[in-house]
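Both of the next two complexes hold chain A, though its partner changes from chain B to chain C.
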Partner chain A sequence: MEIADTYYSKDEYVETASGNKVSRHTVLCGSQNIVLNGKVIVQSGAIIRGDLANVRAGRYCVISKNSVIRPPYKQFSKGIAFFPMHIGDHVFIGEGAVVSAATIGSFVYIGKNAIIGRRCTLKDCCVIEDGAVLPPETNVSSYMRYTAKGTIEGGQGNPYFVPAAMQDEMVNYTKSFYEHFVRTPAPAS
Partner chain B sequence: MESNIKIFPKSVVCEESTLRGDITFSSGCVVHPSATIIAEAGPIIIGENCIVEEYATITHRLQPGASWDVNKILSIGGHNVFEVGCNVEASRIGDKNVFESKCYVGSGVSVSSGCVIGAGIQICMAQQLPENTIVYGQQALQREAIEKQGSQTLQIDFLRKVLPNYHHLRKPNYDPKKARSVV
Partner chain C sequence: MSFMQPSPVKYACSCGILNPINKLFFCRHCPKLRCGFCVSHEIESNFCSNCLENIPSTEARHKKNCCANCFDCPCCHHTLSPRATAVPVVRKSEESKDKDKEGESGADSSPATPSTKPSALPTTKKMYYLSCLSCRWTTRDVGIPDQGVATGTWPDNESLYQARFNTLMEYYQSLVLQEKQEKQEFQRRKAPKHNKYPSLTDRTGLTVSLIRRQIGWSDKNLSKTKPVNITPAEASAEVDDLPADIFTQPINLRSITTISQRHSQPADQPEAVNKLYPQRRSLWIKRSLRCRQCEHNLIKPEYHPTSIKYRIQLFASYHVPEVVMVRCEQPLQPGQANAILLKFTNPTMFDMTISLLETAPQEVLQQACRIKEEAVTSSPLLKATGVTLSRQNSTREIKREVLDVANAKLVPLESPFVLSQRDDSKEFDEDVQAPSEEPKFIVWRKANKVLLRLQFTPDAELKPGQLVTLGFYMQYTYVNTVSNTQDKKDPTTHALHSRIFIESGSIGN
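Moving on to the complex of A and B:
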């Protein structure tokens, strides 16, 4: 299935040499600690807290509007520590999601307004439904679907919850999202 | 609306936050970038060592027909945490409460002390939450906390060290000691 083109104005987005498209209306704190590995889209209103700890995002990630990427912290007897956050390749993070996971694998789909608690681990090819709330330190294994009701469904070989071709579908989806996220053509004058 | 913001020493208030109206931050508060605090109906006084995270919104909302009243103060106690994206319009807030991500607390709700409002929970009806109430789960069940919440001082210490390295801060402009000496 082909995705419809999404247009952005030239003034709104910055395109880097490695193909990242980053909106100017984002709050990237501590940008020296944020690594975007190329072809990543960061839409307006997104917040990435690089000042708290390092954040790495793989290729072809989509970080949608108003989502917050915030490294997790853990409290020890002597002070607290923020942990670096790793996001794999071809990960889609929906609008308004709050992500405090420790690691996110590749080919992961996170729905709109989902809340990922502190120090969760999301393995490859899992799905988080729209509006789901993950308590802190939750693990979601590969090919599992975390529903908005709060249950974990599916599993490998069970195509009713996560398609068996999740990897290919996410590759196609994020790639075509990137390719159809284009600058508004200049009006012919 | 005129903005009148008082910041006590030792608090860290990022410049990228949206503050409107008459707001007082006691010492040790931490306000992250893009937090929003709006004092529409009257002044807001925030107690010591509160944390207000990104996209958190604290509103002292104007009731229909009412107007700005200097004596109608929204007083927020000490050691409260407002996590990412929460929206709080409560009429009274005590000490040591945690408002988790994306929760909504409507006007007319009175929050006492030691309460935890879970992530994504919406409380709209006017009510009074007794001390140490925890609101949790899909149905927003309420129960009393078995053990006390851990304190957030360690996190505040960390943030107070780190945030000035990366953000422009609003300068503390109110020193209680100096104010007293003037009088």
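Moving on to the complex of A and C:
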């Protein structure tokens, strides 16, 4: 199914020179610590906590409405420390997801309302189902699907859980999402 | 529309199962569509999904397909993670249970432990225990002592019957060996003597025993393996009585394990939670898929666990024109003419001619393909490699007829249309192609994509809420660049077809 066009008003979104589209109705704390590498969409209501640690997102990422990106922390004997967070290219983060993973690889799909505990590592080409809850320090390796029940399924070459061509699928999906995320045409015409 | 949701466009695989294109593969040698159901799955490599260590298959078998370093929680089956604590070398009670790495460098910094002697040396040692961050289970809960090293030293949970299992295993292994030897002996006796002077042609030393036998000596190298004796198991009718307090004691469900907890520990299946033990994490596999008809690989992942690449990847989306449903022009009503917009994409480097048909094209071309198939399967190279490998037998596929689920009448397109080749540089071109003479049904054309308008009429007897499914055969030309025969020929062009079903939506009220 072709992705339907999503329209945004000119006043609501800021478009940068590198093609990032960032809503004004977001909370971007410590914006000097947030790096969006181009063609990233940050939708309304999203929170990115750059004040805690650096957040880097690769190209063609989608950070949906009301999601929270929060760098992970680790407890030490003398207090806690926050760690930077890396997000790869072509990553989709669903609505209302709370993400405090340490690293997210490329071509990762995170479903709606998923909760990624602190210091998780999500490798390239993995899928987190809608509503899944990942306990802290979980590793999800490539071509694995973390289900809402809390199990890990799949593996590379298993055609039933994660599509074998996950890389191409995510590239197509995030690119066409970006292309179909267009400004509302002016009403004068 | 999320791409994780089921696609409305489905292709019929050559085995007759409907699949979206991203679950299909395309065997270039057959050339046919294949799905996960009609290919043979093989283990490419074993690895642990937690520590991402690649484990060779022999080692994996030796370790019972478990990772040596990673453990699963016996309570919730999540991965356990090692936690470090600083424990004074002077042994004392384990007060430092609550948080990892509680720095107890000196007695004055921990007023909560009054038992520490201030005179004790302030040296501490790092000790590790395993903790589940999902359900907060720790190895300390069941009294497993902390270890000095984070991984590797955790003791195995020896079950009560381990020795018995081992002797039984040994016995049956020697039994198999014995049977094998007897079979060989029988074969050797049965085989006729080929010539009178076997010693002249002997290269293997096998005939030495033959000569020895002719002289009348006994075979020296064939010491028969005798299976070790085992004590047979005995059934007994005596069962211990239930303990008397089972009726009087109130059950504390918190201390009793669940079924899944017991099954995850199959050797002893503990009843009480204090008998739970960390379980070694089972390994995962990477699969390679192989066409059952021509035994060529369809996908073959790279060996390394962190790699996401493939050495062979014959996805259908690389070879078969992709059909994407854009929308229906009007709300669906039974018996009312409607039109659907479909986007066709050519993924190959060659132009394609596509026609949409209502009935299957004639089988002439199929016949040609079949002859080619025979040639492939009987090639000497495959015989040499394929027979020795253990794999599922190649099967002649039984063609399943796809049930006719289409419930709409299509208006066929007047003419076939051409889908131009994929050209990645076209993506950056801005200029619009000069409109050439196009058939009427083509809405627009851009690089390797065509949007076309297909008219159809849903059946009149459909009720509100019922799905309207369009079905047609898509015939397309496919240029095959692999040649099955030895001599390098020019790429051959096939006219292939695949059956496509589109769920265009449900009838409105």
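Going forward, the second predicted complex is superposed on the first by the 187 of 189 C-alpha atoms of A that agree within 3 Å, B and C clash if a C-alpha of one lies under 4 Å from a C-alpha of the other, contacts with A are read in each partner's own complex, and residues count from 1 in each chain.
Basically, a contact is a pair of C-beta atoms (placed from the backbone, for glycine too) under 8 Å apart; a residue touches a chain by one contact, two chains touch by 3 or more.
Computed from a prediction, not measured in an experiment: that's the story for all the values here.
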item: First, second, both or neither for A:Asn37, with chain B first and chain C second; value: neither
item: Contacts of A:Ile80 with chain B and chain C, given as first, second, both or neither; value: first
item: Which of chain B and chain C A:Thr147 touches, first, second, both or neither; value: neither
item: Touching partner for A:Gly117 - first (chain B), second (chain C), both, neither; value: both
item: Between chain B and chain C, more extensive residue contact with chain A; value: C
item: Partner chain in contact with A:Val98 - chain B first, chain C second, else both or neither; value: first
item: Contacts of A:Val68 with chain B and chain C, given as first, second, both or neither; value: first
item: First, second, both or neither for A:Asn54, with chain B first and chain C second; value: neither
item: Doubly contacted chain A residues - partners chain C and chain B; value: 75, 117, 150
item: Contact footprint of chain A on chain C as seen in their complex; value: 1, 3-5, 7-9, 22-23, 25, 35-36, 41, 44, 47, 49-52, 76-79, 81, 86, 99-103, 132-134, 284-289, 299, 301, 305-308, 310, 313, 315, 317, 324-327, 343
item: Chain B partner contacts - residues on chain A that touch it in the complex; value: 27, 29-30, 47, 49, 51-52, 66, 68, 70, 73, 75, 79-80, 82, 96, 98, 113, 115, 117, 131, 133, 149-150
item: Sites on chain B touched by chain A in the complex; value: 16, 33-34, 54-55, 84-85, 101-102, 118-120, 138, 150, 154-155, 157-158, 162-163, 165-167
item: Chain C-facing residues of chain A, complex; value: 1-4, 75-78, 107, 109, 111, 117, 123-125, 127, 135-144, 150-152, 155-160, 163-169, 172-173
